[in-house]
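Chains: A, B, C and D, in written order; residue numbering restarts at 1 for each.
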Amino acid sequence: MIKAGVIGGTGYAGQELIWLLHNHSNVSIEFISSHNYAEKEFAEVYNSFYKFMQDVCISILEAERKLEDIDVLFIALPHGKSFDITKKALNKGVKVIDLGADFRINSSEVYKTWYGVEHNATELLEEAVYGLSEVNREYIRKAKLIANPGCYTTASILALYPLLKNKLIDNSSIIIDGKSGVSGAGRELKIGSLFAECNESIKAYGVAAHRHTPEIEQELSKAAGQGITLIFTPHLVPMNRGILCTSYAKLKDNLLEEDVYKIYEDFYGKEQFIRIVKTLPETRNVRGSNLCDIGIKVDKRTNRVIVISAIDNLIKGAAGQAVQNMNLMFGFKESEGIGILPMQI
Amino acid sequence: MIKAGVIGGTGYAGQELIWLLHNHSNVSIEFISSHNYAEKEFAEVYNSFYKFMQDVCISILEAERKLEDIDVLFIALPHGKSFDITKKALNKGVKVIDLGADFRINSSEVYKTWYGVEHNATELLEEAVYGLSEVNREYIRKAKLIANPGCYTTASILALYPLLKNKLIDNSSIIIDGKSGVSGAGRELKIGSLFAECNESIKAYGVAAHRHTPEIEQELSKAAGQGITLIFTPHLVPMNRGILCTSYAKLKDNLLEEDVYKIYEDFYGKEQFIRIVKTLPETRNVRGSNLCDIGIKVDKRTNRVIVISAIDNLIKGAAGQAVQNMNLMFGFKESEGIGILPMQI
Amino acid sequence: MIKAGVIGGTGYAGQELIWLLHNHSNVSIEFISSHNYAEKEFAEVYNSFYKFMQDVCISILEAERKLEDIDVLFIALPHGKSFDITKKALNKGVKVIDLGADFRINSSEVYKTWYGVEHNATELLEEAVYGLSEVNREYIRKAKLIANPGCYTTASILALYPLLKNKLIDNSSIIIDGKSGVSGAGRELKIGSLFAECNESIKAYGVAAHRHTPEIEQELSKAAGQGITLIFTPHLVPMNRGILCTSYAKLKDNLLEEDVYKIYEDFYGKEQFIRIVKTLPETRNVRGSNLCDIGIKVDKRTNRVIVISAIDNLIKGAAGQAVQNMNLMFGFKESEGIGILPMQI
Amino acid sequence: MIKAGVIGGTGYAGQELIWLLHNHSNVSIEFISSHNYAEKEFAEVYNSFYKFMQDVCISILEAERKLEDIDVLFIALPHGKSFDITKKALNKGVKVIDLGADFRINSSEVYKTWYGVEHNATELLEEAVYGLSEVNREYIRKAKLIANPGCYTTASILALYPLLKNKLIDNSSIIIDGKSGVSGAGRELKIGSLFAECNESIKAYGVAAHRHTPEIEQELSKAAGQGITLIFTPHLVPMNRGILCTSYAKLKDNLLEEDVYKIYEDFYGKEQFIRIVKTLPETRNVRGSNLCDIGIKVDKRTNRVIVISAIDNLIKGAAGQAVQNMNLMFGFKESEGIGILPMQI
C-alpha cells in the first residue's frame, strides 16, 4: 500500500485520477490539492463522490508540507505550473507523475516556442521519462519523474509507432486528423466550452499550431530514428469523452491491409491495453477504460494507410495512463485499478 | 462461484447485465441467448467487449437445453415472452430473475389491462417476489422467482416509499414527473429512437397511460396500506442513460424540510445504494452505478413535498438491481460487483 | 420603417432578437450595445452573422446618446439593470420592450423578495404592460413600456390560462414541471453551463424558489380572478433550445378530454402562434419558430388534466415575443418577421 | 409561379426541401409522394408542419399521373430508384432535379462499381448537369435534368476547386477528412442510427470505400484538367446537422496563407453562398442556411494547405442546393427562398 498525493485534483483529469485511485487496491490518497476549491470537500465539487470520499481539498502550500507523507505525487496543473512542486517532491524522494505538459518536451527551447513560457526546471528534462507505457515500459519502471503523455498524443503515437519503427511509410506524408470530446478542454470557464456553443456543432481549432504537435513529432522521430514533421489538426466534437485520431501516411511499398495488420499485431501483441480491431474503432467502445483501439485500412488506389485510433481522453489519455505508469514504477500489476471493461452505452 | 444464464442478452439491459456479471467475483456466465444475434459472437454485437469475452450467442431453444447447467437465469425479454422459459427454469430448480414486466403485477387482470396480453403463468404470481431490495430484502433472500422492477418504478417507489409508510401525505395527491434517457426505449428499431428524432428535443409520452403506473401504484399501496392512484408522466430526454423523477405530494401536516430529511435518513439509513443528498440530484452523479440519489424540498407556500430521485436506468433501474437481487438470493455480499463509484463526466 | 436599438445584444436572447430583426421588413437596427463586446463587430461575436451584418457593438453610454434616433428600444439585460435606461428612453419618447424581469412583477415588494434587489423605477410599474400578446393584445397596442414575459412563464401561462379563465380547476392544485434547454441559462460563464457538466445529464434547479414562480402566479391570478399559489419546478435538459412545461391540475368537474380540447380551441381559436395539437408536443416541433404547441390529456383515474406546452425559449420565450409585441405597438402585421415554419431536425 | 412535385418527400432531405419550398415565393407544391406514408398527411409525419401544410402524401404511382400538372420534379430517393420516374418526367417536358446519386456519375461503369447496381438510364447521362451552382451555373440555367451533388461532395469540391483550377497543389496529395451529423444517414431504420448508438461517440465509416469518393474525384478532375485520385474519410458526429470537411494538400510552391486567401476570394468573390472566413469554420455558423463557409491555413512547416469547409448537410448539401438549381433553371433570383441567415444556437 503506497500513499499518493494529487495536486490539482478538481480539474477533469484530476477528478478522473481520484476516481481511479479510489478503486486501486494498492494506493491510499493522502491529500488532494485544489486551487479553486481549497478547504472544500472534494465530494462537494464532484457530487458523484458523495459517501465514497470524505477528503477535504487543501491548498498547494499545504500540500507541500505533506510531501513527506507520500510515496508518489500526481500533478494535474496547467502548463508552466509544475516546475516548482516537482522539484520539491523529488527532493523529498517522492516520485512524480506529471499529467501536464511541463516535462514532455525534451528541448526547453521547443517547449518555449510552443508553450510561450520559459522552462524553469531544465535540469530535470533529462531525468524525465515520457510515460507512454507501451513504448517506454522499462524506463518507466525505474523513473522518478514521469511526463505523462497528452491525450491526442497518446492516440496519435500509438497509432503510428509501428509504421515508423518498421520504416513502412514516407515520413514526410503523415497527417493526423484528431477529434476530441469537450472534457479535453478542461473545466476552465471559457465561452467556447459552454454547452450552447459546443452542442450541435463541430469545428477545427489550433490548426497547424496545436501544442501536441511537437510532442507527437518528438516521440515518432525516436521511433523513426530521424526527425519527423507532420500535420496534426484537432477538432472539437459535441460529446463529453473520447478521442478519435484518423492518421494518414503514404506506404513505401505495396503492402496489403493484412500485412499491416500483421505488423501491428506483432508489435502490440502482448499489450493488454491495445486492441487491434478488425472493425472501425468508435470512442464508445473504449469509454471508461484504459484501452486504445486501433483499426487499419489500406487504400490501394492511393497506396496510403489509414490508421484509426480511439481512446477515452480522460483515462488512457490522462489519468488511466498515469495509474498505469504508477503501477510500473511501484511494481504493481500493470493493469491494477485500470483493467476496466468499457461502458458501451 | 455460481453459474448464470442470460436470456435476451443483446438488448441494452442484457448487455449491461453482461457487463456487470463479467466483473462479478462469484458468477460465471454459462450462456447468452439472443433472438437477433444467435450464433454471433457477443463481442461482435457490442464491440466494447472485444478481448474481454469470447461468448457466442445462442438461441433460446439452445438455452433451454442448458438450463440444467446453471444456478440462476436472468431474463431480459419484451413483456409477454418470459412465461414459458421461466416455468422451464423453475422446474429444473433454477432460480429466475426476470428483468421484464411479466411477474411484476400481482393481478393477472391488471396485467392484461395494461399490457394487452393474457398472463400465461398466473400460478407463479404468488411466488414471484418484487425485487426492490430496499423494500423486500428478506423475501428476496428466499425467493426462487424475482420480478425485477421497472426503471421508472424503481426511481419512483424509492422516492415516495418513506412518505407513504409514515403516512405523511395526502395519498390522492401524488404526481410523478419522470425523465429518461433514450436507452430506456431499448434497442428496438423505431423512428422515435433515431438520433435525429430525439436529439435537441424533449417530449412527454405515454401520458396517463404508461405501463409503469400500475406497478408504482401496487407497491406504494402496500407501503400505504391502502389503494393508491397516482399520475405518472414519462418524458424522453436527449441523453443515453439516466432517469430523474420529480415527485410531488401534499403534506398532511406542516412538516419542515429538515423533518422530512430526518425521516428519509432514518428510513434509508443503512442502505448502501441510497444516498439522501442535500444538493439536488443529477443523473450524472449516479451514472454507471447502482445508486439512487434522493433530494427533498418542502414548499411551505403550498405545503407540498417535492422529492427528486436519480438513478442510472440501466443499472439500478435494471441490470444492477438484478445483480443486487442475485447477491441476496445466493448469500453474496449485497454490493458484490455493483459497488461502483459513479462516473461523473 | 422604424428604427430600433438593442441594449445587451450579445447575450443569447439579444442575438436571437438581432436574427429576427434582421429579417423584419419594417425595422432597421440602429445600434447594438454590449457590455462585454463594445467596439467589436457583432459578426465577430456571433460568426454566423458574417457578411449579413457589419454593425459594431457600442457601449450602453454611447447607446444613450443615440436614443433620439430610434423609435423602439429593446433591452436584454440581467435583472436590476433596466431601470435607468428605460427611464431615459421613455423620456425621449422611445417605446421600450424589456426582455428582462424588471417590469414584469407588478409589486415592487414581491420583486424585491424574489430578485433580492430594490426596484428603482416603481413609478413605471403601473404603466408597464405585461407583453403576452395572446392575453394582453389590446393593452400592448397602446403601451409605451412592455415587460416581455419570461421563457418558462410564457409556456406556463399559455398552458393554463384557459383552465383558470373558465374556472375549471381547483386553483390550489396546480403543479408545473418545466424543462429547458441550456441556452436558457444565458451566455454567462459558470461551471454549471459548461458542456461536460450539462451533457448526458438532467437535473432540477431552483426548486420551490425559481423567480418565474411569482410571475406565473401573478398572471394566472388575473385569469382566475383570485390569488393563486402554485409549484413550479424547472429542469435543465442537455439541448440548446426549447422549453417543455408539463402542467397538472385537478378538474372541478368530470370533464372529458374532448371537452377540454374544445375549450382550448375556442379560447385560442384565432391565435396564429398557438397550435392546439392532438399529438403530444415536442420542442423540436416549434424549434426556430414563435409557436407555442399545446396538447392536453385528461386522466380519468385521478380526474386531473395534464397540459403540455412547448416553445422555443429564445423565440416565443424571448425575442420572438418581443418582436410580436413590437408589431402590435407599431401597427404592423402581428406575424411580420416571425411567421417562421419550425425547423424539424 | 411554377408548380413543383416532390418524390420521396418524407425522408430528411425531402422534408427539408418541403420546408424551403413552402417559403419560396415562386413555387407551389403540387404533390408529395412517399413510399412509407402514402395517404398520410405530411404534417402527421413531420408535426412541425401542422397548420402550415395540409398536403396528403401520395404514392409514386399517383405522382406519375400528376406529372402533367407540374413544371419541375424533385426526386429524393435512395440510389437506383430514380431512373424510371426521371424518364417519365422528362418525356412530359418536366424538368427534373434529382437529389439522389443516380445521375451524378458520368460513367455508368464507375456508377456500377461504386453503387453495385446497373445504371438504367445511361442515355440521360450526357444530358444530366452536375448541379453545383458555383461551378456549373451556366449549364444549370439551360439544364433539363440536374444531378444534385451529394452532401460531403459539395463541401469537398467547394473547398478544393480553386486550388485545382489554379494548379497550386500536388494532385496526388489530397486527403479529405469529413465529419457529418447523423441526419446524413437518412431516416432509414438501422441500429447504427439509433440515439444510444451515436450519442457520446465518434467513428469513421466507409473508409476508403465511400460512394462520394468517385463523385468528388470526377468533379475535381474536371477542375484540374487531369484525373485525380484522392482519399475521402467520412466520420459520424453526434449532432443532427452539419458537415465539416478538413482537406489537406501539398502546395507546389511556397505560397503564403494570404496568397491562398486571395486566390479563394477572387475565385468565389461574387458568390453569395460562399463565405471565405478568417476564423475557423464551425457547422453551427451555417446551420439552417445555404451557405458554405471556407477557412484556410497554410502550414509552413510541411508546406501543406489545410482547407476547412462547413455546410448544413440538409440545405447546401441537399435541399437548399436543389432550390438554388431550380432558381437558376427557371430564371428566379438565385437566392430566392434560400437567403436565410444561419441560426447560431
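Some points to look at:
By our rule, a contact is a pair of C-beta atoms (placed from the backbone, for glycine too) under 8 Å apart; a residue touches a chain by one contact, two chains touch by 3 or more.
Source: prediction; values computed, not measured.
Taking each chain's centre as the mean of its CA atoms, A is the chain most distant from chain C. Comparing chain pairs A-C and A-B, the larger number of C-beta contacts belongs to A-B. Spacing of chain A relative to chain D, judged by their CA centroids, is 39 angstrom.
For the pair chain A and chain C, the distance between mean C-alpha positions equals 45 Å.
Centre-to-centre separation between chain A and chain B, using Cα means, comes to 37 Å. Each of the following residues of chain A touches two or more other chains: 12, 181, 183, 196, 199-200, 238-241, 282, 284, 287, 345. Within the complex formed with chain D, the residues of chain B that make contact are 12, 181-183, 187, 189-191, 193-200, 238-240. Across the interface of their complex, chain A is touched by residues 12, 15-16, 19, 22-23, 46-52, 183, 199-200, 240-241, 275, 277, 279, 282, 284-289, 293, 314, 341-345 of chain B. Listed in rising order, the residues of chain B touching chain C in the complex are 172, 175, 177, 179, 181, 196, 199-205, 207-208, 229-231, 233, 235, 237-242, 244, 246, 248, 280-284, 287, 297-299, 301-302, 304, 306, 308, 310, 345.
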